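The first chain written gets the first letter, and so on, giving A, B, C, D and E; residue counts start at 1 in each chain.
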Amino acid sequence: MAKSIHLTDVRKVFKSGGKEFEAIDNLSLDIPAGSFTTIVGPSGCGKTTTLRMLAGLETPTSGQIHFGEEEVTNLRPQERNIAMVFQSIALYPHMSVRENIGYGLKIAGVSQAKRNESIEEAARTLQITDQLDKKPAELSGGQQQRVALGSAFVQNPDVLLLDEPMSDLDAKLKAELRVEVQRLHQELDTTIVYVTHDQTEAMTMSDNVVLLNEGSLEQFDPPKTLFDYPTSEYVARFIGTPSTNVLECRIEIIDGVPAVTGHGLEIPLPNQDLSAFTGDDIKIGIRPQYLSLGTGDHSVEATVEVVEPLGTESVVHARTLDDTRLDIVSAAADDLAPGESIAASFDKDHLYFFDADGATQLFGEELTENQSQAQWGSEQ
Amino acid sequence: MAKSIHLTDVRKVFKSGGKEFEAIDNLSLDIPAGSFTTIVGPSGCGKTTTLRMLAGLETPTSGQIHFGEEEVTNLRPQERNIAMVFQSIALYPHMSVRENIGYGLKIAGVSQAKRNESIEEAARTLQITDQLDKKPAELSGGQQQRVALGSAFVQNPDVLLLDEPMSDLDAKLKAELRVEVQRLHQELDTTIVYVTHDQTEAMTMSDNVVLLNEGSLEQFDPPKTLFDYPTSEYVARFIGTPSTNVLECRIEIIDGVPAVTGHGLEIPLPNQDLSAFTGDDIKIGIRPQYLSLGTGDHSVEATVEVVEPLGTESVVHARTLDDTRLDIVSAAADDLAPGESIAASFDKDHLYFFDADGATQLFGEELTENQSQAQWGSEQ
Amino acid sequence: MLPILYALNMSLFSNPTQEAAFVGLANYTELLSSPDFWSFLWNSVVYALSTTILSLLVGLGLALVVNQRIKGRSILRTMMIFPYLIPTLVVIFLWKFILDPNVGILNQVLVDAGLLAQPIGFFSSLKWAMAGVVVTSVWKFGSFSFFILLARLQAIDPDLYERARVEGATTWQAFRDITFPHLRGAILIILLVRGIWMFNKFDIIWLSTNGGPLNTTTTLPIRVYQLAFNEVNFGGATALAGIMFFLLAIVATVYFRVFNPSEEVGA
Amino acid sequence: MATSSKGAGSFVSQKRQQQIKRVGVYTTAILVSIFVTIPVYIMLLLAFQPPEVVFSGGQVNLIPQILSFQNFNELLTTTKTVRYMTNSIIVTGSSMVLSTSIAVTAGYGLTRFDFRGKSLTARAVLFSYMFSPIVLAIPLYVLFYTAGLLNSYFALTLSLTAISTPFAIWLMWQYFQTIPISLEESAWVRGASRWRTVRDVVLPVARPGYISAAIFSFAVAWNDFTMARVVMSSDNMYTITVGASLFLDRVSVGWSETMAVSFLMCIPPFLIALFLQNYLLQGFSVGGLE
Amino acid sequence: SSILSGSNNNSDGKGKTISYLSDRGDSKQVINEIIGEFEKNHDYKVNVTYTSKGTSTDQQLQKMVAAGNPPDLIFDTSADAYRYQRDGDLAAISNVVQDSELPDPVNVDGESYFAPTMVEPLMFWYRNDLYSSNPESWSKWETEAKQVSQSHNIKGFVTQSGQTNNADTQITQYLWQNDVEIYNGPSDNIQVTIDDGANRRKAVETYQWLKTMSQYSPNGSGWEWGDAIEALQQENAAAIASVGGLPILTIAENRPDLVEKLSPSPYPHPEGTKRSKWWAYMEGHVVRNDGKATEGAKAFADFFSKSDKFMDFVLSAPLFQFPPTRKGLNSEAVKNNETIQNHPAVMKLVKENWDSFSTILATGKDGAPNIVAADAYGQQLLGQSADQLLVGGKSPEQTVDWVAKQLRGLKN
């Protein structure tokens, strides 16, 4: 039975060599029952720690965790009906792949025959049928990871915790397994919490994404909201590859209308009350995908540094005249050479406006729509 | 001193529980000195095994390996001047991060002071300065991986072997470190062999890409060639995400001209001698990025199954009328609903033509250019 | 191995330390035809098996306990290794002083508490003598398996336990499915080697009961000693040692066949 | 696909099991403490009190009355206990170091190198333990006499090492198999020689293993009576076990002196247990247990 | 001794080092003094190897013999001496023994092979505060032991049994007390006579008495001398058998308050028997004939017996060891010994019974050396017979049959 998950002011402090290290800082989250939540964030931000607290493998230093109505903060892992794939994979070295996958079922008292059925089905899905009789040490990295995944697949937990379960798999297989994980999510009545570094996974699979920043919550929203309406420069930069370009500008009153200036730009913000920021620094963010080569309404001049061909598109790494990095994704960049001068233009609809602290103050589309977005509350 | 690497008819057979398992099958490769070569391939195809043979950790069952002129097939790892980052990371649990990174230098007899300098520089680059005094068990997965990477950074080997060194890092950090690895490659005079599942890495970093398929070489070419001129359906499908769409068609003579038909398509191949295939099955491949929604010169009808929003673009998973999968990448798919009927059109320049065995027979651009490509020989 | 061959050679002579007369296998046939031999063999088997298995269980239990995070485990660990390190001579002193009917404090306490009418001579009663030597042996040798198993326990990747806990395994199941497979090789070797040693163990019994009363604790090695030094029949003694050697060799060969203790959990 | 009732198949609830486990753990700990402490307490009781105090009134007085070194004084002035102890410490120490080193080297070799008949050899070595050591005294004496090695630390150290090494090798062989080879591989590719790898990587990780081997060799050597009796025939060369057995059956030696000498014989084991224990605790174990 | 290379007796110059095997570690100091004097006067060095009591001398001896390195001189019992003589390993030391007043228990064909240095007679000890008088006779022992056991929280007696020297000596002595002739015949034709006619009846009687007494005794199976002494010391038993004044030595240390409550007594005897044999150990020197310094060893044995430190040696355990001659017994040294002075009753017993002191060896016809008895003692068969009776539950008759059979088995 899928359960909702509630974290209330959870903190986790590690003691290491006499020093204290705060891995999770006052994290509160409400994850709906049956939902698929992805945790993302830079390496070392506390994703695994959060998952381990959900599993009962670490006890929060303070705060509570509830599964549904039940407080589980101090319950042991065995007492929570969960399954987990470890980032470290953690296969039993002395058991064959088959036994590894089936171990959870064996514990649950499932009969040999039924177990084998489940195991073989999982193995087929994961394309490791040939490896079933090997020992983990004889597997490749990706095969080991699939075995770990397999042992989660065959179970039927209230909460399924997956810690980067596909980091060692190739894109093609990943794409196939993504579909399988989603199918599983629908079949089993379970709440999934999924840690990943792969934004495609985060974007495509999840109902909600948690973005952590050094142990605190940065944003918790559905993926599309996260992508389109980042609440901060941090989120905007972290989500999406290549990273969102950020240009430092100022707000000036031009012709009585506040406008963003800098980098040769002049973007009037007619009906927005940014007067508070007048004379202040403001930063504008624009995704590389929304920049196009050539001049337009708003364009920035830059010098090409490197062109990285990605197949159908290329990433142009350039620098503006004042040396700010500017990345442009374009399908027509093959003939650009390093050192070449280019112009990159954008539609102001796609802009984000951040204040000096990095909090988002305005989305470009508000300029034209002139209405606040229902999906997001203007935090801070 | 960077050295070229030559594999000649290398085979590797593992014995496991009485059964033999051929992990590498007659692999021959010539990797130029100082180049950056990426090995890609599905999980379990033999990438790690190849790297381990280069490192001297496995001995080929048959065949030779040369570094430059010198045969190293049976040399021990210590006798090859190499550095390696293991897929399994393999940090020394009893040493601090600092000692872990510096161990290779210590072996080489570098003084404590110099060692510390290198270590700290590497740590800065890898953003693990704060972790230097921790033990590996106290690190997050990604931090551990960076420590492993750090220990390769500080060395100065002839050959640097990296086995998925960034699989546990977030996209942003990965992008930054990609640049660092490339800088390192230029600074150090070293040949790099890099195993990865991340196609962006493979495409952006490497001079050449090796694509393995169940232990044998599928294609060995610069990344752009691999992407644009795959020698087989296998390569076309493996490289690029989402995977290349493949439609089964036939060659028929229409109006005296051979043409590809099927799925409602009719693509004349006027000046190509595909008469040998007349009446035969042929497969056409088209990348999802080259499909656009709506009808055109050549278009296929399909029904939408799922739309995956990826941020700036979405992937439309659809099925043709005869149930073949068809993926389309589009920036304007937000309003498509599952079940909707769509048409996807393409430019025949972007087509690949595969015979029944999957070998590429023709590239779409040849149809217009009518000249054979210098970059690729028509293998098989 | 030279001394063993030398000893086996001596077993073919009637009085090998003095002027030796070659008697072939006579020493062997004489021993094997004595009915006492079988009762001594039985005693040896009882003693060896019970001490080996009990010390293994004790050692395993202790190792599992100390492997827990409990307070004072380091003091415990020191205490647990200690009995194994002190000489048998001292062990016997200590246990005699406890079990002795006269100065023994166990008797004193039991009698004072009214639980016993009169002191029991643990080492001199038919009922208790074997138990007495077994307890003494287990006290000394329990820690042998303790420190070996503890070392092995510490080498088990804790991730495996975490995974098992998440999969819902109880403490017992985790022991059965993770701990035991990792300890299996060590346990099998401990059983074998400890078994061999206890089968050949001489000093504890000799110093505490001398093999008595009425030969209830006379094991084959005690008999070897009596033959060699009380009855000055060194040929007989070495022959008996030879018989024991062959018995053990057969058992060990079968044991290796069946259990293959060198097969290890891959790391 | 699977049942959702975790822990089915066990009749006792998790919480209960946990309680049972805790109770079990602490009971064992306490029992063991008592079991080990009582004999030791008695030893101290007798060793540090004059006999007439301990035995006065026809009972063993379990509560200490006064502290006295009379028994030790007696030992140290009328016997060569100090000399015997020194001898024991010398041979035990050397044998422990020697045996552990051999065990580490051979154990590593057995684990990491493949050669024909490897496990057969290893098994054969264990067969040497099967011959009753009682009758070996005479052959050994003959051998040592012939080799002119009687009465030397060297010979005794060697014999004790010969006794402890086979099993110590087994221990290390078994232990090294638990160490992931990738740790070593990662040192090799950095150019560390085999020996260097063993020193820097394998040994620190194998610490619990070789400490077991050291404990074992110590126990064998410190406990030894037979070998010392075979090799040493001069009063100045006796080890403490032999030396003590010489004066302990004197008519005038009672329990008090016996316990006093026992106490002396327990000091090195205690120090060893303490030292190895701390050494074991330092740092870590592979899994980062501590 | 050097650390690296052992000292090999061979290398010390041929025949100039006397290799001496002794279990008298207790008297190490005196022995070293005597050796010092000997080495001053003779061109020999003496190299002592000490062994602990019990079988370790045998063990050491066998090793040395097997290696072709036998000792020249051994300190041992007369029984063992006779055994070595029989094996042809001893050199005669008639001049040492016959020129002096020493007893001559191992005399074969007129040649002496054993130079006694001390005598250790058996003796009983009882609690004079619990026993109403010195019981002496079987029936009185029985009544007294019974009375003590019933009216005090203590056992009146100790019956020892099992494969130990003390049990063996005690049972032998009990049999002797009832005039049982266990053996008969000359040295070369020893017969086991314990189950013949009158002997059998008397032996059964003896075992019967033992069985009766065991009711008032703790289970003494496998007890060494010290165990019985501890029973006395801890007031678990009111009377024990022991060697000389050994109990006094131990108890004086642990329970000084108890010493004066202890009185010596001869072994219990049935009414009307004469006391013919009184077990006394005899220990001394034998010289092997296959050593490298046989002559030196003879000289040392002689020097030892005549040394002015000889009495110091004997008196290193007063009340327990006594000089081997009556002259020695009456010597000033003995008289002046403080411990002996404190326990005149012990001395009185020894003096009065001196003539009936006998070793187990001298149990052939007319005291001829009896190798069967020596071997029986080596394996403690009579001690085991008591175990059969008291622990194993055999009847006295069965016990006699059992022991007779075992003894005959030895003969063959």
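The working rule: a contact is a pair of C-beta atoms (placed from the backbone, for glycine too) under 8 Å apart; a residue touches a chain by one contact, two chains touch by 3 or more.
This one's a predicted model, so the numbers in the text were calculated from it and none came from an experiment.
S.K.: Indicate, using Cα centroids, the chain positioned nearest the centre of all protein chains shown.
M.R.: D
S.K.: Tell me the chain pair with the top count of C-beta pairs in contact.
M.R.: Top-ranked chain pair by contact count is C-D.
S.K.: What's the distance between the Cα centroids of subunit A and subunit D, rounded to whole Å?
M.R.: 55
S.K.: So the centre of each chain is just the mean of its C-alpha atoms; given that, what is the distance between subunit A and subunit C in Å?
M.R.: From the centre of subunit A to the centre of subunit C is 61 Å.
S.K.: Note the residues in subunit C that touch 2 or more other chains, in rising order.
M.R.: Touching at least two other chains: 17, 103, 157, 159, 167-170, 173, 182, 225, 228, 234, 265-267.
S.K.: For subunit B, what residues touch not just one other chain but two or more?
M.R.: 88, 135
S.K.: Among the residues of subunit D, which are close enough to touch at least two other chains?
M.R.: 6-7, 14, 18, 55, 59-60, 138-139, 142, 180, 245, 255, 286, 288
S.K.: So in the complex, which bits of subunit C are touching subunit D?
M.R.: For this pair, the touching residues of subunit C are 1-4, 6-7, 10, 17, 61-62, 65, 67-68, 70, 72, 74, 76-90, 93-95, 97-98, 103, 105, 108, 139, 144, 147-148, 150-152, 154-159, 167-173, 182, 185-186, 189, 192-193, 196-197, 200, 202-203, 220-221, 224-225, 228, 234, 237-238, 240-241, 244-245, 248-249, 252, 256, 262, 264-267.
S.K.: Over in the complex, which subunit D residues touch subunit E? Could you list them?
M.R.: 51-52, 54-56, 58-60, 137-139, 141-142, 144-146, 148-155, 229-231, 233-237, 242, 245-252, 254-256
S.K.: Subunit B touches which residues of subunit D in the complex?
M.R.: 180, 182-183, 185-194, 196, 200-201, 204-205, 283-284, 286, 288
S.K.: Using the touch rule from the top, collect the residues of subunit E that touch subunit C in their complex.
M.R.: Within the complex, subunit E touches subunit C at residues 55, 58-59, 62, 65-66, 83, 87, 89, 155, 161-164, 218-223, 227, 230-231, 233-234, 236, 375, 378-380, 387-388, 391-392.
S.K.: Which subunit B residues qualify as touching subunit A in the complex?
M.R.: The touching residues are 14, 16-17, 40-44, 47-49, 87-88, 131, 133-135, 138-143, 145-146, 163-164, 167-175, 197-200, 203-204, 223-224, 227, 237-243, 287, 289-290, 308-313, 315.
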